[in-house]
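Input: a single structure, listed below in structure tokens.
Naming follows writing order (A, B and C), and every chain is counted from residue 1.
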Amino acid sequence: MLKDCIENVRKTVPLVHNITNYVTVNDVANVLLACGGSPIMSDEPEDVEDITAICGGLNINIGTLNQRSIEAMYRAGAKANALGHVVLLDPVGAGASALRTNTAVGLMEKVKFDVIRGNISEIKTLALGSGTTKGVDADVADAVTEESLDAAVKFAKNFAEKTGSIIAITGAIDLVADANKCYVIRNGRPEMGKITGTGCQLSGLMTAFVVANPEAKLEAAAAAVCVMGLAGEIGWSRMQDGDGNSTYRNRIIDAIYNMDGETLEKGAKYEVR
Amino acid sequence: MLKDCIENVRKTVPLVHNITNYVTVNDVANVLLACGGSPIMSDEPEDVEDITAICGGLNINIGTLNQRSIEAMYRAGAKANALGHVVLLDPVGAGASALRTNTAVGLMEKVKFDVIRGNISEIKTLALGSGTTKGVDADVADAVTEESLDAAVKFAKNFAEKTGSIIAITGAIDLVADANKCYVIRNGRPEMGKITGTGCQLSGLMTAFVVANPEAKLEAAAAAVCVMGLAGEIGWSRMQDGDGNSTYRNRIIDAIYNMDGETLEKGAKYEVR
Amino acid sequence: MLKDCIENVRKTVPLVHNITNYVTVNDVANVLLACGGSPIMSDEPEDVEDITAICGGLNINIGTLNQRSIEAMYRAGAKANALGHVVLLDPVGAGASALRTNTAVGLMEKVKFDVIRGNISEIKTLALGSGTTKGVDADVADAVTEESLDAAVKFAKNFAEKTGSIIAITGAIDLVADANKCYVIRNGRPEMGKITGTGCQLSGLMTAFVVANPEAKLEAAAAAVCVMGLAGEIGWSRMQDGDGNSTYRNRIIDAIYNMDGETLEKGAKYEVR
């Protein structure tokens, strides 16, 4: 039940350590608070092991990576693994630069990730060792559509099996898969793409959901995708004449803040394949 | 008079140098502008001495510290002390990691702070050389409540005497103390804890208030706490159905922007012990 | 036609690489999305050449510069020049510290900028090798006013001729000049100065406009200034009782999001000298 997933977050207030980009970090923090979690940020190698040790989960986002933060990602990832904490990778811009691709691939070799979440282009880069990323959006030709859905589901399951991680591919249609099961989710609105960082926000949210639901990680990851997309729908319904992407950002976070289990159950649009 | 404290900020437009975390920095800047001050940010060691020299105050926040910014904190602090500027320490997460605790303690040894502002857990860490911090929130068992108030007031005064700094401990009940006098403030709302960085925002605001009121630093620090808490109350009163923590953040900053001396005098809830 | 300038942005979705300060970066990203562009941020020297290569323009903002990001600015600037991309410099705080002044001047020696955009104090610092900057606001004595307009226009044209760059000087009256022609723009509102980063936002916006209009760079830069100022006017007209600078920030970005060519043509207030 998705309902349980969100209620467990609100009950247990999971503390999430974020090593994330400075573009969207404030929104990530407010989304974590909105959903019932608690955020802490640290990207200094000498600091991250202590910080991650007091948390329940670690969210690694390579959006504005640098040599210092890359070292912090490796150290925090190793520590979180040693402690059995939930670890998520958001490979922002993998495929757009050698450093980003190599960092994401290198992290996957050294750190065991519970979840890898990105757009189709980023995930393909990791899976195939190639691919192109225009900025942080998925290449249109490679978008997950109704036509390409069967192939995309198969790809997600295969990559999940290969990595042992839950694979979340977000876009117009979202996929959340392990080796055997794939949630196909149709919440959300295209206008969410006009707000910076809805993907980063989802990664933070998803980390909290997986931490709070250790016995149902796949469902928790899917629930987080439904929450974000449904918040995008609710937020849009509250838009007034003259409002734009900045107000929409606020209304989405507000909708997460106000979301309860009933609303989530009723509004979630998914099928399992 | 609290009224004078805020009016002096608006009249003199204090320029505040902030070495602060990248999570909440944008809100800190907008809060400084809202209250009538002017913000500038710099955390590069080669830059901070020049920048702090043209300012009236320095706000050091260790929220996302790194080796570079730590060096910048020491250099800026020394320069600000040499010039007789107001310096404030916000020891975010002291107690949560060795680096944070050691940095805060080390700064207190080398830099003379006019004000140290944190939650009870952070301040206890500094005072006792120990303590635990769950993220950046005060440990619930150590919260300042009506029951623990007498002991907390005594603790704040003692630590103020020991350090020669004004000690501001914020939470459900806020304390602002020097060795002899403690403001006990009951403004604010619990929902402010669901917004990232209200503490960081207060530290920026407080620095501006102390700079603008050199003859009444304790009262100015207390006035800043009242402004923030009262803005939280006014902002909450403007919340509409469906609003959440993201909109609340905007409404609080808006309330600071619109606050005048009369509103502050009427709305401030404090006693002196 | 200004109308064409904004419509070209919406049609071509220019990808802009930003090396910018962490104070206002989120707003810069949302403004780029609002106007129809697409943002990507990277400030790691090992990353920036790959990132800038896939973009159409590069926006360099020295607002929270550090030794790492300065190296990234030089490397990205050289790469962007080699590829014939649009490059813009926003010399935040030039004149306020030796490092900022030297970095801006050094970048101008090594990188060919299509546009340099700052306040009068910053631009004077670059032009004259001296000047004072109080924070990031123009020195009041040196503001561009109706009285000082003739001299300021001449100064802007001269500096444009000397540098071969379009010079954009923003304040109460905005100037956008090349060696022969100067747009004098009177859009905007003084309350925009109470929001952090409207200048940074404009620099991002302007980069996208110049990228999308390679045959009309001067007009495109002027169009960007009109868009920002007009959005400030439209945003202000939507303010309600109790709103302040935080809500105003959202309304300005919203107004950019909703601006079409007709609105821009009707609302732009400029003359050419």
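Criterion: a residue touches a chain if its C-beta (ideal position, glycine included) is under 8 Å from a C-beta of that chain, and two chains touch if they have at least 3 such contacts.
It should be emphasised that the depicted structure is a prediction, and the values quoted were computed from it without experimental measurement.
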item	value
Residue-number overlap at the chain A/chain C interface, same or different (half cut)	different
Rigid-body rotation angle, chain C and chain B, from Cα fit (steps of 5°)	120
Averaged-CA centre spacing for the pair chain C and chain A, given as whole angstrom	33
Junction residues of chain A, two or more chains touched	22, 26, 249-250
Contact set on chain B toward chain A in their complex	21-24, 26-27, 63-67, 93, 96-100, 134-137, 194-197, 242-247, 249-250
Chain B-touching residues of chain A, taken from the complex the two chains share	15, 22, 25-26, 29-30, 33-34, 38-44, 46-47, 50-51, 54, 68, 234, 238, 249-258
